[in-house]
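Presented sequentially are two complexes of subunit A, the first with subunit B as partner and the second with subunit C.
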Partner chain A sequence: MHRSILIVISTLIALGTVFEFRAQTTQQAPAAKPALDPAKLAEDWMTRLNALDDWYLSVDGKEVGRDEVVNKMMELYARDVIAEVPPHDEEQIGPVLLRGTANFKKWVDKISRTQVKLLYIQKRQTKKQFEGEKLVYSTPLPWGGVGISFEIIAAYSRREDRRKFMAPGSVFLQYGVDGKIERLRLYLSEHAEVVAL
Partner chain B sequence: MNRVLILIAGAIAGSVLVAAAFAEQHRPYNEIMKDVASAFASLKKSLDANSAAAAAADAAKLQALFTETEAFWAPFETKDAMNFAKSARDAAAAVSAAAKNNNVKTAQSSYAVIQKNCANCHFAHREETGKGFLIKP
Partner chain C sequence: MKSRITLTILCLVCAALSLAAQTAAPQNMVQITAGKFWMGRAYTLYVDSADLVPLDKLDDRPANNIYLDAFYIDKYEVTNADYAMFVQATDAKPPWHWPQGKIAKGKERLPVYNVNWFEATAYCKWAGKRLPTEAEWEKAARGGLDRNHYAWGDAEVDTGEVRLGAPQSAGRTTDDSLPANLDGTDALPVGSFRPNGYGLYDMIGNVREWTNDWYDANYYAFMPKKNPQGPETGRYRSVRGSGWLDAPPNAIGGPTDNNTVDSRDFSDSELRATTIGFRCAK
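Right, the complex of A and B next:
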């Protein structure tokens, strides 16, 4: 009789341990999502921006690879992205606020069509023994996700005449918990033409 | 009678549209460039041999080829490439005119202008890949 009771109790204990373990593993699963790395996010954004001129013309005059580089840039953004970008029209005064990917894509598309030799770089800073550090400022957002900002120098040539320009600036990006950019602010100050001495 | 007239007018309009569509199509760019290379080499030989008549013919051929080159770039609004083609065409016309007047020296200097425009355009719009060239818009 005692033996039967012992068997029942040990079986119940074993089952309880198994259920507890399963419950823990199911609770742990969502935590496996990788955290957003500000430095990598900044690097990725710059790489995709600089790739916007990586397309060619075929011998019969067709654009080759332009849609791909534009779509690669657009992959980063949430559908309802809000983007504040510099004027991209000679008649436009002040920044432009674009809402949604459809509007924002027009801006990305325009860069791919009008600019070549894109070389946007992250500014570096040296202090004490630390040489040429790319600084990316970041903060967790109260509603989830992460906000990052960094200084840049924009360098590009106009496609129509190959005149080269440079402008210092800064980028502010807000990423949602899904890793998509929900807000972008790109500030570029005065554009100076680069001319040979 | 009216029906026949309408049919004839329709046929004429159709042929004109087809002809216009063909005219708008460009030859592949690599073919144009290969023809430029051979006409340009031939022009150099003709000028070196003081053969004015042959040089004028080569230059006229180049004029037509640079017009094709300009037409290739026109839809992309790549102004510098269009200007290089236009300048090269004008220089080819100058070579042709000078050669017709038996002025080989002037033809030689206009020949150098063609060469300069070719080089500038290649520098800006031709990308070497190791396996061939890409056309950079």
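Right, the complex of A and C next:
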């Protein structure tokens, strides 16, 4: 009798341990895939954008390192990305719509060839005594992935004449579940030339 | 001394005649002078603001400041009578809607339609001309009115937008003075309405018109700024203007995407449509 009680208790303990272990592994399963961190995504996007002028012309006229920085930027995008970006220059009016990576790459190429001293920065916000914070707004997308947005200040010089410009703006990025950017909207308002006072 | 003066006068007269011969436009064609113009839609419609247009349909933006060399373009759309001469001279196939291959009585001055891109191209070649590029067509259609909605400007558009409470709609509240054949039952004789600023008729209305260019919705983003010739290849040809079947600018929506001078369309090169005709350039 005493022995059978011991067997029952041992069996219950063993079953309990198994169930607890299974419950733990079930809870841990989603953690296997790292979640998209909005702040890191924003920082990564800005870093790759600012690196687009990080190349040089060799003495024999070859573009050294340009393909690498362009490809590094292009790694972020899904094949069917849709992007809305500002006009390139005073010879265009209205939003420029780019559909697919082939068209989007033309825009990335153009920036890398026409702009230098790229310094797109995330705008900081201060309140009371606190130091400035880079705010990144984010939301999970209904179809999976995450959407993020943040304010920026774009600063760049034109390669052709080294005139420097600044423009406030904002970026809206939609990342798919695979971490690739499927939609981009980059808004820049009026560009002001930076001149010595 | 006297003979020298005579010789000088003769030389001057010859130079003047030669210059006049160079600048005189061929019959029923208008010269569009060289220069820049804004190609594409340079303004926002309320449908953009409300995000009502799918992103893949937004093919008329951004607007680009384009330079074109001087060119000539037909004053009128090619008519049935014009095309009949081509058919007779080349044994080309008449449009299928001509009864027994002949123009229906009274329809001689109507623009020819039911001709595909190849037939339009062949006609222009036969006439010693060519189809206009998309850029040429748009510059001609604007009639010198840069960044306006219509070939006749914006003046004909009722500015009842204040009443409508939609500041960007530029909506019409009446069709009474619409200077184009839109929303009709058939084409009308060419030149039934007054011309645009360049003296060209029916750039908007009557029939849509073939251009020489391939169509690409993404073309405007990176198009050449000087004498653009369209994409190198494509699936469809660009068709511009609007036809008698297209809706007029309406009271609520304002300029729609099929009747402004900047709106773009496309068609299969082999398609013969009752609303597509053409005019030639040189």
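Definition applied: the second predicted complex is superposed on the first by the 163 of 197 C-alpha atoms of A that agree within 3 Å, B and C clash if a C-alpha of one lies under 4 Å from a C-alpha of the other, contacts with A are read in each partner's own complex, and residues count from 1 in each chain.
Basically, a residue touches a chain if its C-beta (ideal position, glycine included) is under 8 Å from a C-beta of that chain, and two chains touch if they have at least 3 such contacts.
Source: prediction; values computed, not measured.
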Which of subunit B and subunit C A:I93 touches, first, second, both or neither: second
First (subunit B), second (subunit C), both or neither touched by A:L57: first
Comparison of subunit B and subunit C by subunit A residues contacted: C
First, second, both or neither for A:N103, with subunit B first and subunit C second: second
First, second, both or neither for A:E193, with subunit B first and subunit C second: neither
Touching partner for A:I82 - first (subunit B), second (subunit C), both, neither: second
Sites on subunit A touched by subunit C in the complex: 82, 84, 87, 90-99, 103, 106-107, 110
Residue ranges of subunit C in contact with subunit A within the complex: 38, 40-42, 44, 55-56, 58, 61-65, 217-218, 221-222, 225
Subunit B - residues contacting subunit A, complex: 26, 28-31, 72, 75-80, 124, 127, 134-137
Parts of subunit A lying in touch with subunit B, wherever the complex brings them together: 55-61, 63, 116, 159-162
